[in-house]
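Each structure below appears as C-alpha cells.
Common to both upcoming complexes is chain A, partnered first by chain B, then by chain C.
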Partner chain A sequence: MKKRDMILTIIGIIALFGLAFFVQEEMDSYIRRIVNLCLVYAIIGLSMNLTNGFVGQFSLGQAGFMAIGAYTVGIFTVPVEYRENIFYAMPMNPAIADIELPLWAALILGGALAALFAFAIGTPVLRLRGDYLAVTTLGFSEIIRIWITNAQSITNGALGIKDIPPLNDVRYIFLVTVICFVFITLLVNSSYGRAFKAIREDEIAAEAMGINLFWHKNLAFMVSAFFAGIGGGLYGALLGTVDPKNFLFTLTYNFLLIIVLGGMGSITGSMLGAVIVTAGLEYLRFFDEPLMLFGMDIPLFRPGFRMVIFSVLLMVCVLFWRHGIMGTREFTWQKAIDFVKNPLGFIKRKGAAQ
Partner chain B sequence: MKFKKLLSLLAVSALATGLLAGCGGEEKAADSNVIKVGVFLPLTGDNAAGGELELRGIKLANQLHPEVLGKKVELVVADNKSDKAEAASVAARLIEKDKVSAIVGSYGSSLSMAAGNIVKENKVPAVGTSCTNPQVTANNDYYFRACFIDPFQGKVMAEYAHQNGFKKVAIVQEVSNDYSVGLAKFFREEFVKLTGDENSIVDIANYQTGDKDFTAILTNIKAQDPDAVFAPGNFTESALLVKQARQLGIDAQFMGGDTWETQEFIDVGGKDVEGVALSTAFDREKASTEEAKKFLDAYTKEYNGEPSALTAMAYDAYLIAVNGIEKAGTATDTVKIRDAIAATKDLECVTGMTTLDENGDPIKDVVIKTVKDGKFTFKDYVKAQAK
Partner chain C sequence: MEYFDAIANMSALSFAQHMVNGISLGSLYALIAIGYTMVYGILLMINFAHGDIVMMACYFAFFGITAFHIPWYFTFIITIILTAILGVLIERSAYRPLREAPKNSILISAIGASFLLENLANYLFSGRPMRFPDVPLLSQNISIGGIEIQAICLVIPVVTILSLVVLLHIVNHTKTGMAMRAVSKDYEIARVMGINIDNIISITFIIGSALAAIGAIMYGIRYPGITPMMGVMPGLKCFIAAVIGGIGNIKGAVLGGFILGLGEILIVAFFPDLSGYRDAFAFIVLIVILFYKPTGLLGEKTTEKV
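After this line comes the complex of A and B, so read on.
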C-alpha cells in the first residue's frame, strides 16, 4: 500500500511538473501570473499553517518574515549598475553596494535571516500563549517593517526597491513549492511532527510525556519563518519591486484567511486555500465589470462588488465547513481511489462519519 | 437546514450569473470597432478615495473625447485593490484578456511600479496619473506620466523659498512615505545649492504616518528658529503639525506639496493653516488652456464642487494616451503608440501645455497656492523649465 502511494505521489508530482511546463510555454502572462501567485501564497500559507495549525500557536508574524525574505532578494539581486539610480535619496551602504547574488542564493539567505530573527524573538515570545502570542508576534512584524522604513541606506526606506530581475517562470516557482511541501510533509510526519500535534492538543500532557515544549515550539517557529522568508523572496521577485507598505500587518490576514479556509493543520488544505483565495478572487472579477442584462445597466456591477460576493461565499464556506475545507484531514490516494470507484458511496460514508 | 440550502442556492446563482456575464464579455472582445483603453486604478482598499477622484477625470475625458481614429474609445476599468500583487495581475489581465491599446493609471507609485515590468514585457504603453516617484518611469520605456515628479516639486519649492528670502529652513518629513522623503531630499539639495550655505537647512525631523503628537519635533525646531518649515506629507498629519507649531509659538512660513490640497487639510487645520504655501498642478483661475475650460464646464455639470488636481491629472493622462493612439494611427501596434506617446510635444491639457521629456515625465508649470479664509487660493506661478 505504502509503495503504491509513493509511486502515485511521484507520478502526481511529475504530472504537475508537466502542467507547469505547459502553463509556462502555452499560457499567456496573465494566467502565468495567477498560477505563480497561487504557488507563492501556498508556500507562505503552509509556513503559517505549521505554527498555527500543527503546533497550535497563534502567531501573526508572517508579514514580517516575508518582508525579510523579500528585502533580501530585493537588495541582493538588483543589478549593481541600477543601484545608484534606485538609491537616489541616500546612497547604498558601501558594505553591501557591490554584492550581487543569484536568486536562489538570495532566497536561501532571506529564509535563513528570517529564521534567525524568528529564533531571536521566539526565545522570549514563545513563552506566551494564545492571544498574547498573537499580539507580540504581530508587534514584531510591525517592528521589522518600521526598521526597514528607517534603514534607508540598506533598504532605500519608504522609496522601495525596483528593477528586481523579474521572475515569472512557473517551473522555477513550482520547484520551490514542491521542495517546501515535501519538506514540511516529512517534518510533520516525523517524530517532531507528532510532538507538534501533541503540543497542539494539550501542552501540559505533552510536557508530561517528556516533550521539550520550548525547543519544539521554537523549531516550528523557525522553520515557519524560513519558508515565509523564501515565499516572501519569491513574492518580491514576482512583483519586481518591494516597499515597506507591502508588508503591513494586514498582509498576514490574507494568509490567515487562506489557512482558515483550507483547514488549520492540513497541508493540502493550505494549497487548496491559496488557490481558492487567489484564483477565486480573480475569477470573480467579472462582478467588477459593468453588466448589461436585457439592455439595462445593472448598477450593482461596479468595482468592489466582487469583494462583497467573495465575503458572502466565505461565510457560506465557514457555515458548511466549520474547520475549513479540509479540517485537519489530508488528501490521500486511498480516499481518492475510493472516490473514483464509488463517488456516491464515498460521500454517503463520509457524511455518516461526520 | 433550509437556511443552508438557501445560502448555497444563492452562491450557485451568483456563480451562474458570473458565467453568463463572462460569456457576454467575450462577445464584446470580438468587436473591432472600439479601441480599448485600460483604466488601472485603486477603486477599493486604502487608496480608493484617490482612485475614485481620478476615475472621474478619466470618465470626463472619455465623454469629451469619445473617439479616436474614427472609432469609439472604450474604457476597461480595472480595480487594483490598492495591493501590489493584485496590481500586477490586473495589469496583465488588461493586456492579455482585454487586449487594451494603452493603459491609464495608477494613483500611487508603488502600484504603478508593480505594473511596470508587465507593461515593459508586453510592450504596451502606460500613462500614470499621479504616481510621482521618479522610479516609476526610470529605466522603463513603456511607462509615462501626467503628473510632475517628486524631485521637480521639491526643487520648485526650494526655488520659491529662496525667492522669498528665507535663509534658514527646517525640514519635517514623513519618513514612511516615499513621496515625502523624495520631496524633502530634493528640496534640501536645491536649497543648499541656491543659498550656497551648507547650514541653511537647520533641522531634518522624521515622523511616521499616523503620528498625532509632534511637540518633540517642534520644540527642537523652535530652538533653531527657522524662517520657514518645509513639511511635505499626508494632509491630516501635516495639518496637525502646523496647528501644534502655531500653539508652540512658531511663526515660520510652512510649505508643503500637492497632497495638502484637500478639504480635510483645512478642516483639521482650521485657522492655523492660513497662509501656508503649497505646490500643485492645477488652479481654476489660472486655467489657461481651452481644454481646461471644457473640463471645468463638464465637471460642474456632472459633479458638485471644485475638481481636485487629481481629477485634472487623470484627465490629462487619458488625453496623452489617446493622443498617442491618434498620432500613431493604429490601435493594435502598441510599440508605435509607445513611440507616439514618447514624442508628445505641446499637447493641450487641462494643467497646461504638456511635453514629455526623455524619461517620459512631463515638463509643466507649477502653481503655488495658499490658504486664505478657509479656501485654497492662487499665490504664484513657477514657469516650466527642463530640470
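After this line comes the complex of A and C, so read on.
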C-alpha cells in the first residue's frame, strides 16, 4: 500500500468515526438503530464473503453461527439477579448461573465458540463440494437452532432470553466493524488470502501447487464463523432479546443478497451491499402497510409484500447482474482520485476496459 | 441400558404401528426425492425450489377443494397439472438463463426461487396454518389386526410403487427416456447427437413436479397442517435421501427415501428423548454416507477430471 493511500484510509476511518459520533449524539433512535443494523450486517456479510467469495466454498451456515454468538451474549451478560425470572420454566444450569461477563468478553467468547463449532463440523463437512456443502451447512445451522430450542436449562428453550442489557452505541459497533474490516483485509491480502483465491479458481491446480486445501478451507471457515459469532452477539445485544425463531436459516439469505449485490469476493462491495440491503429493507417497510391512494385501498400492499420484493430482488440480481456492484474488484483511492479529477474520462475508460 | 429395556418392552403391536408409519413416510420421501435426483442427474444442480413446489401443490389442492368446491378426484388431477406447469415455469425463468453461468450462480438462483415461492405463498395465502380438507375414504381411520391406521397409509406405498414402475418404464424403454439418460451421461455429446436438450430438461421438470404433486397430496392428507414453510424440511430431507441412494439414480432415491423415513420414525419410537432432534437425523446420516461412500449406496464411481 502506498503511503498516500495509507494516510487517506486512516483519514477516512477517522472521518467515519466522527460521523458515528455525530449519529450517536445528534440523530434520533430510529436512525441510530438502522445505522447499527447496517454495521452488524456488514460484519456478518464480510464473514460470509470470506468463505463464499474468496475461498469459493458455498456455505449457508451463517444464521447458526450468529445464534451461537447471540446466545453466548444473552446467557452471560444478563444480570444474575434477573435470571431467576427469565428462566422461570426451568432453572438455569448451576454451572453457568452465576457467571456474568462484560459485553466485550461475551462477544469474544461467542466468536470463539462459533469458531470451535465451525472447526468441529468443518473437519467432515469441508470435504464436500458445492451443493453438498450448501445443504449440509444449512442443515447444521438448523441443528444448532433445534439444539437451542431443546437445551432449556442453558438457553431457556423456545421462550428465549429477555432483558439483555441493550447496546445502543454506534461508536462501539463501528469500532468492532473497523476491527473486522481491517482483519479480513489483511488476511485476504496475505499469503493465506492468495491461497484462498487459488482454491476458489481451481482446487485441483491449487492442491498441485502445494496448498493444503483442508487447512486453508478450515481456517477460512473458522475465521468466518468467529466474525459471524461476534456479529450475532452484537445483533442479540442490539435487539435486547434472543429467541430461536430469530435465527431461522432464512436469515442467512439476507447476507446472501448482501454479498451477491455487493460482489462475491469484494470486501468494499460487501460493506456497500450491507448498507444498501439493510437500509433498503427498512425503507421498503411501507410495502407492508396498507396504502390509500385517492381514497382507494390498494390491495397489493399488505404484510408479506416486502419479502416478496426482497426475493424478487435476489433473483433479478443473480439473473441479470451476476457480478454485483463491485464484482471481485475493490475500492481504491487511485480510482477515486481519477474519478474526481476527470469524471467523464474515468467512466469512458471504464467502459472501454469492459 | 434403559433404552434396551424400552425396546424389549415395546410390544409387537406398537412396533407394527411404527413400521406402517415409517413405510408411509418413507414412500412420501421417495416420491419427492425422485424429482431431486432426476434434475441433479441432468443439470447437476440442486433444485432448491422442489420442496416449495410440494408446498404449492398442497395449496392448489387445498383451494381446489375448499374454495372452488371441485370434487376431490378432479382437484387432484388439476393439482398435478398445475404443479407440473409451475415446475417448468421455474426452470424456464430461473434456471435456463443461467445454463452457461458458474455453478454458484445457479445455486443462488435456485435458493432465490425457493425463497420467492415461500414469500409469495406467505403473501397470497397468509402465514396461518391451514387444515388440509378430509378426503372421503382416504382420511378415515381403519383398524387391521388391532392397529389403528389411516387408510391413506396403505395407499401411499402402493401409489409410490406404481409411480416408480411407470417412471422406470419411461426412462428405460421409451425414446424420451433414452434421450434423458443420454443427456445425463454427457450433456455436450447428447446435444451434438441432435437431442433437443431444452425439451428433455422441460420433460424432466414435468415428471419431477408431477411426482412431487402426487406426494404433496398424500402428504397433505397424512399430515393436514399446511403452511408456507412446510416444504423446506421435507425438501432438504428428500435431497439427502437422493444423495444417500446415489444422486442421479432413481432406484437409489427410493431406497434413500425409505431409509430416512423408517429411520426417523423408528428412532423417535425407540428413543423418545431424542424426538426433538428428529430433523437432525437426516443430516447426520448424510455426513456419514458422504464420508464413507461419497457416491451414495447405488451410485456409480466417478473420478474428478482436471
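Quick notes on this structure:
Here is the rule we use: the second predicted complex is superposed on the first by the 315 of 354 C-alpha atoms of A that agree within 3 Å, B and C clash if a C-alpha of one lies under 4 Å from a C-alpha of the other, contacts with A are read in each partner's own complex, and residues count from 1 in each chain.
Basically, a residue touches a chain if its C-beta (ideal position, glycine included) is under 8 Å from a C-beta of that chain, and two chains touch if they have at least 3 such contacts.
These figures come from a predicted structure and were not determined experimentally.
Contact with both chain B and chain C is seen for A:M307 once the two complexes are overlaid on the shared chain. Of the two partner chains placed by superposition, chain B and chain C are both touched by A:L319.
When both complexes are overlaid on chain A, the residue A:T136 reaches chain C alone and has no touch with chain B.
Of the two partner chains, chain B is the only one that A:D163 touches; chain C does not reach it. Applying the stated contact rule after C-alpha superposition, one finds that A:A120 touches neither chain B nor chain C.
Contact with neither chain B nor chain C is seen for A:I99 once the two complexes are overlaid on the shared chain.
By the touch criterion defined above, A:I14 lies against neither chain B nor chain C after alignment on the C-alpha atoms of chain A. In the superposition on chain A, contact of A:M6 is made with neither chain B nor chain C. In the overlay built on the shared chain, the residue A:T149 is in contact with chain B and with chain C. Comparing the two interfaces of chain A, the one with chain B and the one with chain C have residues 146, 149-150, 303-304, 307, 312, 315, 319 in common. Residues of chain C that touch chain A in their complex: 45-46, 94, 97-98, 101, 103-105, 107-109, 111-113, 115-116, 118-120, 122-123, 126-127, 232, 236, 239-240, 243, 276-277, 279-280, 282-283, 286-287, 290-291, 304, 306.
Across the complex, chain B meets chain A through its residues 4, 7-8, 10-11, 14, 18, 21-22, 24-25, 43-44, 48, 76-79, 84-85, 88-90, 92-93, 95-97, 110, 113-114, 116-118, 121-122, 133-135, 138-139, 175-178, 180-182, 185, 206, 208. By the touch criterion given at the top, residues 28-31, 33-34, 37, 82, 85-86, 88-90, 146, 149-150, 152, 157-160, 162-163, 166, 168, 235, 238-241, 243-246, 282-289, 291-292, 301, 303-304, 307, 309, 312-313, 315-316, 319-320 of chain A touch chain B in their complex.
Chain contact summary for the complex, chain A toward chain C: residues 52, 56, 58, 60, 124-125, 127-128, 130-132, 134-136, 138-140, 142-143, 146-147, 149-150, 204-205, 249-250, 253, 256, 260, 264, 302-305, 307-308, 310-312, 314-315, 318-319, 322.
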